[in-house]
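Two complexes, one shared chain (subunit A), two partners (subunit B, subunit C).
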Partner chain A sequence: MTYPFGRGWQRVTPYLLLAPGLLLYFLIALGPSLATSLYSFTDASGVAGAPVNFIGLENYREFLFAGQAARDNIDALGRTIIFSVVVSSAQFGLGLLVAILLTQQLPGTRFFRTLFFMPVILGVVIQGLIWRLFLYPLGGPASKIVEMFGGYSEFLGSTDAFWWVIFVQIWANMGITMIIFIAGLQTISVDLYEAANIDGASAWQRFRFVTWPLLTPSVNTNLILNIIGSLQAWQLFLVLTGYRQGTQVLGYVIYAQGFGQTSGSVSNAFRQGYAAAASIVLFFLVLIIGMTAQYVLRRREERLLG
Partner chain B sequence: MNKFRLIALTLVLALILPLGVVSAQDGPVTLRVLIHQNPPMVEFIEEFNARFTEANPNITVDLSVVNANDLATVTQTRLSAGDIDVIDIFGFSNSVQPYMSGATPPNWQVMIEAGLLLDLTDQPFLANYDPVSIQDSGMYNDTVYAINLGRVVYSGIYYNKDMFTEFGVEIPTTWDELVAACEVFTAEGIGCMTAGGADGWPIFVGAYGLLGSLFPDQAAYVEGLWTGDIKFNDEQSMVMWERMQIYARDMMERGASGIPGDAAPGRFASGAVAMFPGGSWYASAIESAEPDFDWGYIPFPGSDVVEDNQGWFGKYDQGWAIAAGSPNVEAALLYLEAFSEPENYQAFVDAVGFIPTQPTATLNTKIGGEIAQYLDNFRVGYEQYWVAPTGVGQWASPFASFFAPFNEWDDAAALADRAQSDLQSGLDEVSGS
Partner chain C sequence: MTATNLVKEGGLVKLDVNAPRRRFRLSPRVAISYVILLVLTAVYLGPLAMLVNTSFMTQRQFNRNATSIPETFQVENFVEAWEQANFARYLTNTAFYAAAATLIYVVTAMGLAFPIARGYIRGGKTVFLLFVIALFLPPALIPQFQLILNLGLYNTQIGYIMLLVTNPVGIIILVNYLKSLPRELDEAAAMDGCGYGRFLLSVVFPLARPVIATVVVLHAIGIWNELILATIYLSNQEFYPITRGMIVFQGVYGFNWPVLAAAVVLMAIPMVILFLFLQRYIISGMTQGAVKE
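What follows is the complex of A and B.
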């Protein structure tokens, strides 16, 4: 096989064109990631000019094995997995359902596509503030609705706060799942549905044997994005509940330790070396779950689509 | 002159001219000042900055305001980037004591040791401040790095005077009287207390009074917890937990856990509840919400002994420090000097309601008048002393916000045991046992 780009400058050109992108990738993505892994072996505070000492695996030992704090970290890890499973499943199911509804020949589909996608373009802070207002327990809209049915809830101020954050996370990100599914649905040829109709297939059979297999690339993309996104999510906890005992996910623990926000009121010491070690633990969690999911999904794709 | 010489001369001039402009002290200077969000303070500083620029036309003040929770992060980021001249820094606290083995030093100490804050020791304007306040809140290793602008109280309760009169309730001076007062209001269908529980920490600000009245020497309390002389589940601590639970469950109005911190003063001022446990900094928000509202401020009566309840617990609040690497040190010192002038400082404490750290300043505000009667008995509170041992569990602190409805605990004894077990876990970790 001959080299496709010729000789001389023609051979160098592709590398030159790749260079800016690679440089940006190294500077913005790979560089900080490598620095984080190096930081995780130090007692760095993050304060410029402060001494940084190499302490080996001490941060990892403290995070995983030191006292009750380590057991609290493992609990946060468990909550992160629960959060990810619930958010990924619900976001996937709802996104698929809404996408199917909005690709039917029904009036108002464009409006509803915009409506469902709108939360995605709002920042996390705006998303959080909207729901803090909506869930205000003393006469807020949600409170009024619950009271109409004789109930009462403190919403974000209650022990159910974790589940309310899950709800808002799904609301905030379902639009992306929906759009990816809509794009996938639009690539499926109408001829296939017509052929299935002629063969007498029911609506469920058309979905089961036409839509679902041909949506495989979108299914895989959505599942991977949902799983990784939800494992890393923590910002809504910051905006909606703050650092409250018994509700933190791992991402929030990392932020709070790195930037001294663990007490809820005073700012504690910054522990960015320790936070870096915690983020490497999270990275491996995402890596293991993400790679496993990708392996399973790729096998499925090969089986269905060849 | 040949072409080479012309280029060389141009280059040399290009390098020298900007240096000349920068070093000229009467040239235009943009002084970058960072403060935390506190509406009356922001309003005052904006006005002060305008006056300062009028008096020093070559200096423009670029003011940045951040949320109090983000102040430490933004300070660190901007100091690292060399992007700030004057910073707002809370009074130095949470120092690592000799008995706190293996504890991480507080951020201010790390910043000083990293050479990020300017030495202010010989500045003449320090003479305007109470030396004790400088010693307690801005000095490290015999060097002054910050001037503190005032103390705040966080162990008091605001009360609605008209409501107390209407229902014939006496101002409570003991725990039992407080419980009885709340029962009267609750029986009348009025919430006894409110707090900004959605933000978490405002719920336990009031509880610092309860903690302080039961453990008046808060520095000794922290030391006792570290050394094991005091336990979270000993007899005196059990009194604290049981009262914390009553405070969280019975005294707070339903829904308080969902109220944002900045909405709570307005809710109290609206007459929705009889009392509002909170810091002295809330006074201006209450006055802004309802200027004609008649309120008072009393120490939280957490003890059964009247005398134990006649004092305040609080902290040194905002102060000023200068970035050591600032290119505008002269302008920054000028700014602090102007701010420290007695008339400017008096206007500042009048605006924000701080307890002054300049001995010549007076307490002119309404909250100042309320605080004044027990001001001789002002002590720094638990929050400013506590440093957690490495490995300590999350429940090892005496906060009311752990109880239902704010959190998951509904049994005082169970929480006390868990708090002690979480603390002991950290103590064992640092002692290596």
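What follows is the complex of A and C.
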């Protein structure tokens, strides 16, 4: 596009004003993100001034193949996938259902929408502490409910802790999926539904042949955001369970190894090269699953929209 | 075009208010809708109610029966939480980090977004793409730490703020919005002898106020809720933001749920109030950032 503000210095100003933002982005986000792959080939420790040596693929070998720790890592990888599949599908289904219910112009819609979205802005610390209280095993509400059925559970202290974190994750983020679907639903013209009604379409047919195809953009957005977001999510584990055998996902392994926050028994060293290798493993997981999802969704969109 | 525009015109909030309301009739479908919504309300409201309820109990009562109604309203819990949790300090820190980082972010982001939206720079499309792919990139944690460490900024407030001045989603929202401003403005201003810098400052900034508000709110909420970076980079308690302070407080007061609950309520109140007032900006930000292009 032609630049109307003149030549010489005036032509350079846009570049000058763009530079600080771009520089900061390179320095703090993009650069480090790309440099992760370089660090994954080193024994970087996270101690200032300590020498950093190139050790080739050693970190990857250790991460994937060396004994019990590697088996734990593979478990964490599998758990990451399970976490992502369950969280994204539940969040998707629930978000869509609630969005449909909340676009029928029922009284109270605004209250429900506000309430379901609330956890999103409260952040992981509050989300986590709220549920730790609710799941308090010695007479908290959840334990009372379980007791009524004659059961007992330690909840976040039990072997099922992983599933409780999944539950809280869905609770916390369903609101985002919901509002994106609501925005999508509100773009669908009422006329189409009226036309469908005149043709004698049932509620299911209206959904199947009007809502679902026309909702494609928000369906795609939500699926991609949910899948990638849940593959990378781990902060709730930090607040709800801490680093514990049998619950951690890949994101938490990276953090724990890189910053020595593994639980008591494990060493306190900052194994940053190793953590960088784990980051790259997670990156490939995100890339493969994310790209596959993108590809499938795009194919579907082309089929639907000609 | 995109859903984005329609949302802005029809408006999430607007549609609710202005759309002709059908007369309310209790059909089976409406009944089922309400049953589902009320079950969900219980799941969403229950934990919040439990939190508030607990915050008014004595510890003795909580240990005896955690789900009972408070016998005496222990306002002292809030006083104790406020004093013991060093709340004033942590809140001031969080407010400072949020204000400083958001200001730097928004100013630099506008400098970035406007020429990209207008095509005034070479390679603008490529630059934009660098922000779009951010979602897919590997976690930057490790090299970021090495960088801050080697710059000597570990455990400093400047270092912490520096980590909070980027946000690719905000750039995408800004670029998409700025594209919709009429180009004739630029030409008219240039004709009147207005330079690029002044145009950006005195014309584009005011015109983009709604979208700037959205981006500011989103970014500030992110900083308010940031826990991981605070855990990694700040070791001095005096520098802790509220999130980190809360985790420490929970470590010390974990046995005393009433006071801990009071602290959580204190921490949540500003966000809840903010949300109720700025809901429009927050929701439009989240949907715009998501439904791009």
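In the analysis below, the second predicted complex is superposed on the first by the 275 of 306 C-alpha atoms of A that agree within 3 Å, B and C clash if a C-alpha of one lies under 4 Å from a C-alpha of the other, contacts with A are read in each partner's own complex, and residues count from 1 in each chain.
Simple rule for what comes next: a contact is a pair of C-beta atoms (placed from the backbone, for glycine too) under 8 Å apart; a residue touches a chain by one contact, two chains touch by 3 or more.
Here the structure is a predicted model, which is why all the values come from computation and not from measurement.
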- Task: Evaluate whether subunit B and subunit C can sit on subunit A together after superposition, giving fit or clash.
- Result: clash
- Task: Quick one: name whichever of subunit B and subunit C touches more residues of subunit A.
- Result: C
- Message: By the touch definition at the top of the document, which applies to A:Gly260: first (subunit B), second (subunit C), both, or neither?
- Response: first
- Message: Just checking: does A:Gly200 make contact with subunit B only, subunit C only, both, or neither of them? Give me first, second, both or neither.
- Response: neither
- Task: Scan A:Gly8 for contacts with subunit B and subunit C and give back first, second, both or neither.
- Result: neither
- Examine A:Gly56 and indicate which partner it touches, taking first as subunit B and second as subunit C; both and neither are also allowed. neither
- Which superposed partner A:Ala48 touches (first subunit B, second subunit C, both, neither): both
- Query: First (subunit B), second (subunit C), both or neither: which does A:Tyr136 touch?
  - Reply: both
- For A:Ala69, decide between first (touching subunit B), second (touching subunit C), both and neither. first
- Query: Is A:Phe155 contacted by the first partner subunit B, the second partner subunit C, both or neither?
  - Reply: first
- Hey, which part of subunit C ends up inside subunit B in the overlay, 153-161, 171-179 or 279-287? 153-161
- Query: Can you pull the subunit A residues that subunit B and subunit C both touch?
  - Reply: 46, 48, 136, 138, 140, 259, 261
- Give every residue of subunit B touching subunit A within the complex, in rising order. 69, 71-73, 76, 79-80, 90, 93-94, 104-107, 110-111, 113-116, 197-201, 204-205, 254-260, 267, 383-384, 388, 390-397, 399, 401-402, 404-408, 421-422, 425-426, 428-429
- Note on the structure: As the complex stands, subunit C meets subunit A at residues 2-3, 6-7, 10, 12, 15-16, 19, 21-22, 24, 29-30, 33-34, 36-37, 40-41, 43-48, 50-51, 54, 63, 65-67, 108-109, 111-112, 114-116, 118-121, 127, 130-131, 134-147, 149-150, 154, 162-163, 165-166, 168, 171, 183, 186-187, 189-191, 194-197, 199-200, 221, 224-225, 227-228, 231-232, 243, 246-247, 250, 257, 260-261, 264, 267-268, 271-272, 274-276, 279, 282-283, 286-287, 290-291
- Would you mind writing out the residues of subunit A in touch with subunit B in their complex? 45-51, 62, 66-72, 132, 135-138, 140, 152, 154-159, 241-246, 259-261, 263-271
- Residues of subunit A touching subunit C in the complex: 1, 3-6, 10, 13-15, 17-22, 24-25, 27-39, 44, 46, 48, 97-98, 101-102, 104-110, 112, 114-126, 129-131, 133-134, 136, 138-141, 144, 171, 176, 179-180, 182-184, 186-187, 203, 217-218, 221-222, 225, 228, 232, 235, 238-239, 251, 254-255, 258-259, 261, 272, 275-276, 279-280, 282-283, 286-287, 290
